[in-house]
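Naming follows writing order (A, B, C and D), and every chain is counted from residue 1.
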Amino acid sequence: MTNKAMQRAYEILEGTTNDKITKSFQIFIIILIAVNVLVVIIETEESVLDEYGYLFTPFEVFSIIVFTVEYAGRITVCKLNPKYQHSKYSIIRFLVTPMMLIDLAAILPFFLPFVVTDVRFIRIIRLLRLFRLFKLARYSEPMQTLGDVFKSKAGDLAVAFFILFIVLIFASSLMYHAEHEAQPELFSSIPSSMWWGVITLTTIGYGDVYPVTIAGKIIGAGVAILGIAVYAIPTGIMASAFTEELRKKRDQKNNTCPHCGKDFTHT
Amino acid sequence: MTNKAMQRAYEILEGTTNDKITKSFQIFIIILIAVNVLVVIIETEESVLDEYGYLFTPFEVFSIIVFTVEYAGRITVCKLNPKYQHSKYSIIRFLVTPMMLIDLAAILPFFLPFVVTDVRFIRIIRLLRLFRLFKLARYSEPMQTLGDVFKSKAGDLAVAFFILFIVLIFASSLMYHAEHEAQPELFSSIPSSMWWGVITLTTIGYGDVYPVTIAGKIIGAGVAILGIAVYAIPTGIMASAFTEELRKKRDQKNNTCPHCGKDFTHT
Amino acid sequence: MTNKAMQRAYEILEGTTNDKITKSFQIFIIILIAVNVLVVIIETEESVLDEYGYLFTPFEVFSIIVFTVEYAGRITVCKLNPKYQHSKYSIIRFLVTPMMLIDLAAILPFFLPFVVTDVRFIRIIRLLRLFRLFKLARYSEPMQTLGDVFKSKAGDLAVAFFILFIVLIFASSLMYHAEHEAQPELFSSIPSSMWWGVITLTTIGYGDVYPVTIAGKIIGAGVAILGIAVYAIPTGIMASAFTEELRKKRDQKNNTCPHCGKDFTHT
Amino acid sequence: MTNKAMQRAYEILEGTTNDKITKSFQIFIIILIAVNVLVVIIETEESVLDEYGYLFTPFEVFSIIVFTVEYAGRITVCKLNPKYQHSKYSIIRFLVTPMMLIDLAAILPFFLPFVVTDVRFIRIIRLLRLFRLFKLARYSEPMQTLGDVFKSKAGDLAVAFFILFIVLIFASSLMYHAEHEAQPELFSSIPSSMWWGVITLTTIGYGDVYPVTIAGKIIGAGVAILGIAVYAIPTGIMASAFTEELRKKRDQKNNTCPHCGKDFTHT
């Protein structure tokens, strides 16, 4: 490839320009991902598989070709990216970036069966096709926002989930000792009682497991009432962080000078 | 109609004045809508239908006459509305405004059966009568507030629901693969597993579908705990937006000069 | 009663002073109410009734005597209250204040059976004894805070619950039409479908009623997901209003001059 | 022990210095606690007990030795702590601090069976081993944050839970009277109806108890809808208090002068 062609390919793949071809390429990839995910979902519906099943293999081959070309292309042009120009190992650093690993996971389910032939393994690998969904992250602002929220509040969320986990262990252990004799099948051990704990603390309450003894009901009521408080913590953190993040993004857009288009947030 | 009568009809129908007749007309329409909705609801109760059923047809005819006259009236006087005076197509622009479409949907269920005679179609059309509820939107401040919240936060909510949808697809696909073999009836396909996903992520948890395998329970617990965080996002957006909107409305009322009655918010 | 004795009785009953006798009287009444409520609750437990049942009647008589004397006392001294001194009808205005009606409801269950002898009526009246719980409102800051929150946010909550109600009607009607044929017992009419609606929109999800048809599940999923947003509104209003109210109360206490004890909030 | 050795032991046990040995000791204790809790949990799993059960007794003995030495050590060096140097009773004051009681509870389950021989008592005592989890509180910032939140909002939470309790009593009593006749087993008394009340007000909704009569359903719907508002109060308090506390801690860290390392929050 000439330098010029490579430069152009880099622009299109990384979306650094805003021209028609770049836009079209992005929309094409987004639609291809969406259809792929749709196929993964509806091919499990037997009636669909019976009628349209013959279309799925050619579509899969087509998708794999496109995604493989895209993946190979990104690797080829990565040296044009200033971040990965410095050393000879930079290409490895590029290959293990989250987005490149997702791109790899998107094509792997097709190539692996040629290497591995164990049937059970192949079935799990087919699930990997769902990771194509995350290829969207490159183009989808909402998913980037969610990622930013998780990043900026990682510490707080870790704290909240650690507390939730402590409460879960405590609640499940107490409930195990209260209910084990009355319901040895459902509360067979503390780990199995944790299923009750999670479904109760998250207020889902399927009703497949619940205490029947008086001691168990008293413990359950205590867990439910105090669990309210603990359950509220990650909920509150996420809700406020997300609202804040969205406001920040909006402010950034509004803080652009209407005349010269430059950002004046931090001046 | 003389110009004066039309002007008066316009005032009454659009509520631009505050006199007694306008008020009475509005209250009459509000009550008529409320009673109509009540009838739609209670006529499904067999005991009510048996005893008072003979009253429902005349009441329906009466309501249709009033609503049709109102609808025709609004079309007749619409040219007095400055917004719809400019071109000859403005009447069509007026007819497709949301409120006029609701008004049409409110009378359509009566007239359509004369045209279409398919029984199943008529049954669905009868459901349309429920849309009369939305005629209230013209008069109800709460519904306008809700509408304003949805409009002002449309972008944020779209982001939140998109994320919820991604999480839903992912959770349902994983659960399908974990539970399909153990419960082929309930987790027959990914789309049918999404019923489990929605009922779990919203913490409703009816208990008609839940994982029974260990893998399924671990995935379910993970979805429940992480789902907390995602579920909190639209909740937080709506709650804060609504509180904000109500405060804004109150401030607007308070920011009116008590002497001259003029708004001094933005001066 | 001499004027002085009446003045003293007024002080004690209304808690205008802070002396030992007033405090003791208040604590005595609070304990009496608490024990009364406890009795109403545990006397429904058969084993308790069998063993301690003979104590309940004398305790009830004792309580009634105290509460009746208290009620009569409050009426006697009410003319010392500046708010009820103006006209001769002021005593009636005093009798219909919420707290006096609660006091009346607290003693009525004992006296009414002498007048009415219908057994079913008496059973309902016995329930009235639970209203003694609300006598606590005179002494309990939390209940006053809750009352203040409901008063200050009455408008907002009315709006939120009105919207919830509209959503409920709409969701239940749609679900009725989708599920009536498949489950004629559970979705027998729109009013009976509203039980499903309430239990779903509040995310309780007992699992006694849930959609089984595909149309019903799609509607149910939509209601669940959009219901999140609507359900969040009253939740958010209450949570923020309560936090605000508690802060306000604390600020009021902190805004008292530590030297002269006077409030300097609005100076 | 020489004074110097005691001083060193004090530094290591209380973590007043930041050297390698202190750090290693802390990490060793944290891991030992974590493994202990893990053992308490997984030894209830029969398959694990069968295979690895022979390891649990030596590990328990090892843990007890370490925790006992640690406990004895803390008592020995406590006189070096300025807070407990004043009187001869200060050692008793030290022994009843929450953390020392937790440390005692962590070793008691091992020694008590030598004194008491009642089997049922021993089983409950074994549960005490779970309190070792709280030994983590000495080292875990999240648990300290949660503790601080509970302390700083104790009053507000007490108010919120008191209100929740009043609502619970009222709802359960009403439901008992509505459902007792139709479901005498499930709503056998008001205390037993409170199980329904807790599971409904917390929106868990297992589905083991729910109203079946029309009166019961109407009361249940009312409780569900109004319960939203009450349930939101402790949730809101916890969520905002926790976010606030985390921000406060972060601010404290940020308010340290980067040059001299001193806090300049309140200067």
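The rule we apply is simple: contacts are C-beta pairs under 8 Å (C-beta built on N, C-alpha and C of every residue); 3 or more make two chains touch, one makes a residue touch a chain.
If you want to know which protein each chain is, UniProt gives these names: A, B, C, D = Potassium channel protein.
Worth saying up front: this structure is predicted, and the values here are computed from it rather than measured.
For the pair chain C and chain D, the fraction of shared interface numbers is less than half, so the two copies use mostly different residues to meet.
Note on A-D: across the candidates A-B, B-D or A-C, the interface recurring with over half of the contact pairs conserved by residue number is A-B.
The best fit of Cα atoms from chain B onto chain C calls for a rotation angle of 90°, in steps of 5. Chain C and chain D have Cα centroids separated by 33 Å. Between chain B and chain D, the centres computed from C-alpha atoms are 46 Å apart. Rounded to a whole number, the gap between the C-alpha centres of chain A and chain C is 46 angstrom.
Shown for chain C are the residues in touch with two or more other chains, namely 203-207, 231, 235-237, 239-240. Taken in their complex, chain B has these residues touching chain A: 156, 158-160, 162-163, 166, 169-170, 173-174, 176-177, 180, 188-192, 200, 203-207, 210, 217, 220-221, 224-225, 227-233, 235-237, 239-240.
Per the touch definition, chain B reaches chain C in the complex via residues 37, 40-42, 44-46, 123-124, 127, 130, 133, 136, 140-143, 145-146, 157, 161, 164, 194-195, 198-199, 202-208, 231, 234-240, 242-243, 246. Interface of chain B with chain D (complex): residues 203-207.
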